[in-house]
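So that we are looking at the same thing, I have put the structure below in structure tokens.
Order of writing sets the labels: A, B, C, D and E. Residues in every chain begin at 1.
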Amino acid sequence: MGKIKDILSPFTAWGNVVKEPVTIKKPIGREAAPRYRGFHKNDIDTCIGCGTCEVICENEAIDLVPVDGIETKDGDSGLRPMIDYGRCCWCALCVDVCTTGSLTLSNEYTWVSEDPDEFRFIPGVDKKSWDDNEKGWKKPEPNYEFYGKKRVEMPELHAEDRDKSFIEFVTGYSKQQAEEEADRCVECGICTATCPAHMGIPEYIKAIRNDDLEEGLRILYETNPLPEICGRICTHKCEDVCSVGHNGDPISIRWLKRYIADQNPSEKYKEILNAENIENNGKKVAIIGSGPSGLSAAYYLALTGYECTIFEKLPEAGGMMRYGIPEYRLPYDQIDKDINYILSLGVDIKYNVNIGTDITLDKLKKDYDAVFAGTGLHLGRSTRIPGSDHENVYFATDLLREISLGNEIHVSEKIVVIGGGNVAMDITRSLARLQNNKFGKVNVTATSLESEDIMPADREEVVEAREEKAIIDPGWGPTSIEIENGKIKGLHVQKCLSVFDESGRFNPKFDESNTKFFEADMIVESIGQGMDVEYISEEIREQIEFDQRGRIQVNDYFQTGAKWLFIGGDIIQGPDVIHGIANGHKAAIGIDKFINQNG
Amino acid sequence: MNNLFNWEPDRSKYPTVKDNGELDVDLSSHKFTKLWVGPNHPGITGNMAVEITISGDEIVQAKTHVGYLHRGFEKLIERRLFIQGFPTCIRMCVAEPDYNEYILSKSIEDLSGIEIPEMAEWLRTLALEMARLQSLLRTVPGQGGTFSLGLGVQWGMYLRDLISDRFEELTGARIYHMYILPGGVRGLLPDGFKARMEENLKLIDQFVINIKKLMFDNVIFKKRAIGVGVIKKEWVDQFGIVGPNARAVGISRDIRKDYPYLKYQELDFEPPIAKNGDIFARSTVRYQELIQTVDLIRQIMAKMPEKGDIKSPTPNVLHWKIAKGETYIRSESSRGEYGMYYVTDGSDKPRRINLRGPSYNHAMSLLEHMLINANISDVHAIMVSLQTCPPEIER
Amino acid sequence: MNIDFNKLFFTFLGLMIVLNWGLLMSALMRKIGARVAKRYGIPWFQPWVDLVKNYAIRSQITHGVMFYLGPVFRLSGGVGLFLFMPMVFGSDLWTNFSFKGDLILILYFQFFGMLGMALGAGEGGQPHSFIGISRGLSQFTTIEVPMTLAVIAIAVQYQTLSISDIVAAQQGGIMNWTVFTNPFATAAAMLSVLGAFGHSPFNLVKAPNEIPIGPPTEYHGTYLGVLRTNAAILHVVEAVLFMNLFFGGATTWIELIVKSFLIYFWSVFVGMVFPRFRIEQSVAWFLKIPLILGIIAIILL
Amino acid sequence: MKDLLERLNTKYNLTDIKYQRDNLVFLTIGKENTIDLVTHLRDYEGFTHFVLLSCVDWIEEGKFQLTYFLNQPERKYDIAIRTMIDRDNAEMVSAHHLWRQITTYQRELREMYGINFPGSPGVDENFILEGWDDIPPMRREFDTKQYSEDTFFPREGRKTHDPASYMKEKLYPTEPTTDKVNKTDE
Amino acid sequence: MTEDNFKMSNKQEEEVSKFFAPENEKRKVETPDGEIIEINPLQDYFSDARPKVHHPNTSKVVEKFLNWARAESLWVLGFGTGCGSIEIPPLLTPRFDAFRFGVQMRPTPRQSNVIIISGYLAVKTLKRVIRSYEQMQNPKYVLALGSCTINGGMYFDSYNTINRLDYYIPVDVYVAGCMPRPEALLSGFGKLKELIKAGKGEKANEYVEKFDWYKANQKKIIQDWNMPDYNW
């Protein structure tokens, strides 16, 4: 019986003959699933050409190529990925790792051609039919990351613990934290161009990952002889352009630099940096000012074998780094660590020497083969509003210098700081500490022209200042200082609508109906600094070119019209440590060239 | 009557055995013909070749030739980062790439001590079972196809393609899914996935009935499959036979039960077993497995949570380093034990990976052994019944 | 010798009709098969396109004279079968060159093409061809046994060896068909027809996934075109043979088309759902049931 | 598992024992005792399932590590037996008599690493490669990318740019920097 | 009958000498199996004779019609060379049903017109592919699937897979993808049909014209060339 069944049952299959076939009627061009990994799209305006896609591509299918109409600028390499469909395997790892999220896949999949050389294109630039296709693979959400998006929190002293003293409140990364943070780096190298000193940032971060801090230090010193200092107070323009920062927190490049410098003991520096035997070439260079640019120039000149002498007006070296930045941000021993290493290379320093009065520039010209001047911006700039000539109106730079010198300064109960830069924050927080010590409470208000989102100060500075109970109230333009009975009552301000006009020039607009009054009995102005070039004699000054706004003109190597005189640092670039260091380095190269050419 | 037509070859007369123990196969004697089955042959499973010497219709000698698909994965991965190994290595087996993804991910997780979220475990289990379903939808009717019963293959391929569609929805690709990565998976179920999957499973339920009527209740299929290509029980250890091929001999070996991984402990199933070890037994085991896999997918979809994390944080994949170590990860693919021997040396690339595919034993030593005295008509059937897959032999 | 040009013309016309119907029939069968597999299948004109394509292949290779002659023999077998096969009963024009005793000739012609093919394919040097030929010949021999028994049975039944006479004897109502007057012979023949058409379970001659694809492995281009032309003719003519012998012949072309379609469809109907036998199983099968049926048919007379 | 190892330790000199999981242990044994141990495990401890035979190239130490991977199906244990052999004139005792599939493994290792297994059937035949005349490809010193570029005509006309060095070229061509970021090599 | 009757004209002599050209003489050859066999090229076509260019029909109308037939009847060699072969079965089964478009599989190269190179080619397979390709008859077409055939794809750095197919056999149509979906493959067939209908499917003749170049490339990577140069 079973056999009959076995013969008959297969015939049941014929039942299908009357059923409608299941075939897809029009298979060509059938739409793929919404998540399908089809051909590439790239939003070229968002893309920064970081090349992470190229690195992760296991097939070497992606090339970064220059594209017409896309400029190379800070934070954008000007390159865009070109994809070779003779290599691609549509795994979409490039999409998942894309730092900006510009690279996606459409769900189109048909590309047929007789020409094998055709399968190569720049998504977003070469127009394709799928460019506007909204579907396709996107990076999965949420909690799906190929590298850490959150930065490792920097351990800090709690606001209550730090707001009374000037001890350093950022404690620095531990080894594990540093490695974790370094692990987030994607090694794109976009930051290098933005860093004024063009430090090898990806390389030293890699050195941290490899736990090879000596190598890290070597990389640091290639372009920056002040890593301890920069590791603390650098304005870290690199972090602003960090590609990881496009979708997440940028890498804490500054703290990682500090980590390398902190972990290497100063006594081993010479050994690590192979600086034990430097041949003296017998030439002499004078350097005016021991700020970052001066020290940087001295370091690189000393490495090349020059005999350098630094002339410093103040009793200790460091310039603005020591006298413009409060100790809680940059402890003096760390400054000393960097400076002492530079001095140990045979750099001579003469303190309390004021060029122009104690010794003239002309004499330096005679005694030395070249002179580098990095005298910085030490003069405070005034708002010149009514009442700003009152005795209780101070310049921030002056106050900071006095604090650093250890002198007692005037601190009153209610203080207003005008300015929104880092210096303003420094003085605000310094005053807050002094107030706390003196009165047990803080009442300091910082106000700036710029609104909160465009304040030049670092974001964390503002946050930390607030944590220390200082009031930050940005977006106000000072109009006058009210003085009653010879005493300051407060500051009148009006709402600032915009700071820059359409062409980007400084041209603030105010809403005069919206005013405010800050009560105060002491006012500190911190709206910028001016330079003091009195020491340059008229005769030399004639050789130097100035532009209309009185700024000194120099060439690429910071050489002035007077060929033997090189000027760099804040005077040229504005207040910034890392620029100063870069200037010093370049000037050192320029000086080397200049002296070699002159025989 | 049956004995009358039972033409068992009398091997006592030929081929004669030479003094050194080898068979005396002299092609010029015109008693023997050399025949290549593959690589360009419609009856071969994948791109491989069996070189057979026949005498009449019976095979005297057989030798498997592989290497036609050799790409050198194990070499390539030595110069790729851990993450970069994925797109490459999942292509080691085209029929079920998910098992490659899983064992590779799990090896990396095992060596670097990463735990994956629960949701990801469920999704992985689902993906693996879907892959098994796809594979079985090919091989169960495919056994009929070897005897020129192409109808079941046609139906099965259609259903397999529907599962491909589900894979496409879930993972973004039809064949090489790239779904399982170290740390988790690459996406949650899309909206309406379960409903659509259930629709497909209903079609498969119907297919299971139809294929039984067409194949397993078919007098000629039985005639061709029963008693042909028998694996003896003692061969299982001798030849390293695993998976359904071992289960068809009555030895219950199933990695999902013996060494539970992912969520298999929470699923209710018992691997099917048959006794005879012939082609029919292996087909039946696979057929039972097909039914079971459908049930498992239903169980998984019912038990899995709706939402959850899909990936644990991992180090930055661009420079992930794993300390020196070695491990072996196994999983039960539709062909049997699918394992990965993974060695790291502290750098950001693996030192060595070695895939242990079931076909390595099945298609080489076992097939060569089984083909002797078989009929040429059955070569293809035996090969398919072992479910050989050449890419995992040569990699 | 006087040549009847009128007859020649109609014979040629008949050949063309048979050829085209054969091609269309193969397309229809494949389309029906595709339906069972739940798909649409080839377009109905595909066989013609394939044929033109094959004849349009530019290069040809040869393995010797017999290799050439193989397809020619095959085609002459098919055409010869046609020439001696009365197509439409009652019409002088469509009876071709059938004569008294043509039944024997036709049984011979069935083998003729097969043998020619065997020689030609053997020359090709492909081992697959050899195996296919040996299978084909052994299977065909066993097919012939029940078939011949059935033919003998009806030859005895109708006391004639002329197909036309056999058809004539079956006229006058459906109950006069051999299928009702001699069911055992018909059954034996209808089972052997499964083998003659070469569908599963008896397609082991070509057996694509065992010995791709048997005898014609080496044939290509024009050779293959000839073989395919022959196949189209042969399938129709064989169906017509069985129609004439067992199903009352055809009085119109329409009837012929319907009946030959159904007879051919019978082999597809079985072939679609059954796997293939091994050669010894196939031989054994033909020597069992159909043979017994054939013997019964003879005994009952 | 532990008691098994204790038993083995009395007989053999086992080193580098590492439990990767509870039921998976890696251990090292001298070259001369390896097959002995494998046979012992198969015959007396029920390790009847041979999982794989693999080789790791420790080129720095000049050694090949052969790994015999055994499984005990009843008690669900795995033992991986490592043995170190010299890279130069690499040779190992054949184990093809223990399990049939070892023949295949040994053929593969012969071809891919150049390790000889005297007496193993067909060990010198081509297995995967055909007419290979370079150093065995799985050895670490064989550079597959180089070989591919030299042999297989990669499609020309591709050029990539490194973002960092490209930006330097564009933005500050003359200024000093550290060397180009070297991304791919570690 | 005089002896003059047996004298041949120059043209006849040429014809005869063509037959007895060295490559057409009987000789012994070793097969890949190691057997020594005697071959008669005139009879067996076991020949390393160079292939010939087969020109299209001189009549444009006829050629157009034949090209239409060729385009609508694509017989594909069932040779799964790489991972792409996994997408061939769906093509021939209910879901995509390529039979509708005149695409059919043939198990033997002699009868096929199209060879699908489904992805990467290991050197060992390349040897078989070349043989299969050469056994196919003019006109013949090559459809290359996936990245691997264009520029090496995933296996660009593998020591055992070729990087670009067009160095070894001429390719008519490339389909991008890894793997290309069946739908993409169908549009690949569509493109191929367009080309054939436009009379551009003459790559088989191109192979003949650049025969030396192709052979040199092939021999560069196939180390043991134990077969005649063409169409064994």
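Annotations
Quick note on the criterion: contacts are C-beta pairs under 8 Å (C-beta built on N, C-alpha and C of every residue); 3 or more make two chains touch, one makes a residue touch a chain.
The structure presented is a predicted model; accordingly, all values stated were derived computationally and were not measured.
Shared contact partners of chain B and chain C are A, E. Most remote from chain A, judged by the distance between CA-atom centroids, is C. Distance from per-chain Cα centroids to the pooled protein Cα centroid is smallest for B.
Comparing the chain pairs A-B and C-E, the larger number of C-beta pairs in contact belongs to A-B.
With centres set at the average Cα position, the gap from chain A to chain C is 88 Å.
Distance between chain C and chain D, defined via averaged C-alpha coordinates, is recorded as 61 Å. Chain B and chain D have Cα centroids lying 24 Å from one another. The distance from the centre of chain A to the centre of chain D, each centre being the mean of the chain's C-alpha atoms, comes to 47 Å. For chain A, residues that reach two or more other chains under the stated contact definition are 10, 13, 21-23, 32, 55, 58-59, 84, 86, 89-90, 116, 187.
Residues of chain C found to touch two or more other chains are 34, 36-40, 208-209, 212, 272-274. With touch defined as above, residues shared between interfaces to two or more other chains in chain B number as follows: 34, 41-42, 67, 70, 72, 75-76, 79, 87-88, 151, 154-155, 158, 176, 214, 218, 319. Taken pair by pair, the chains that touch are A-B, A-C, A-D, A-E, B-C, B-D, B-E, C-E, D-E.
Partner chain C is touched in their complex by these residues of chain B: 1, 4-5, 7, 33-35, 41-43, 57, 144-151, 154-155, 158, 214, 218, 220-221, 223-224, 375-380. If you check the complex, the residues on chain A that touch chain E are 21-24, 27-30, 32, 58-61, 84-90, 109-116, 119. The residues of chain E lying in touch with chain B in their complex are 33, 35, 77-83, 85-87, 89-90, 93-96, 105, 107, 109, 120, 122, 124-125, 128, 132, 154-155, 157-161, 178-179, 181. Remark: chain C residues 32, 34-40, 269, 272-274 touch chain A in the complex.
Chain B meets chain D in the complex at residues 66-67, 70, 72, 74-76, 78-79, 110, 237-240, 242, 253, 258-259, 319, 325-328, 337, 339, 341, 343, 347-348, 351-352, 354, 356, 360-361, 364-366, 369, 394.
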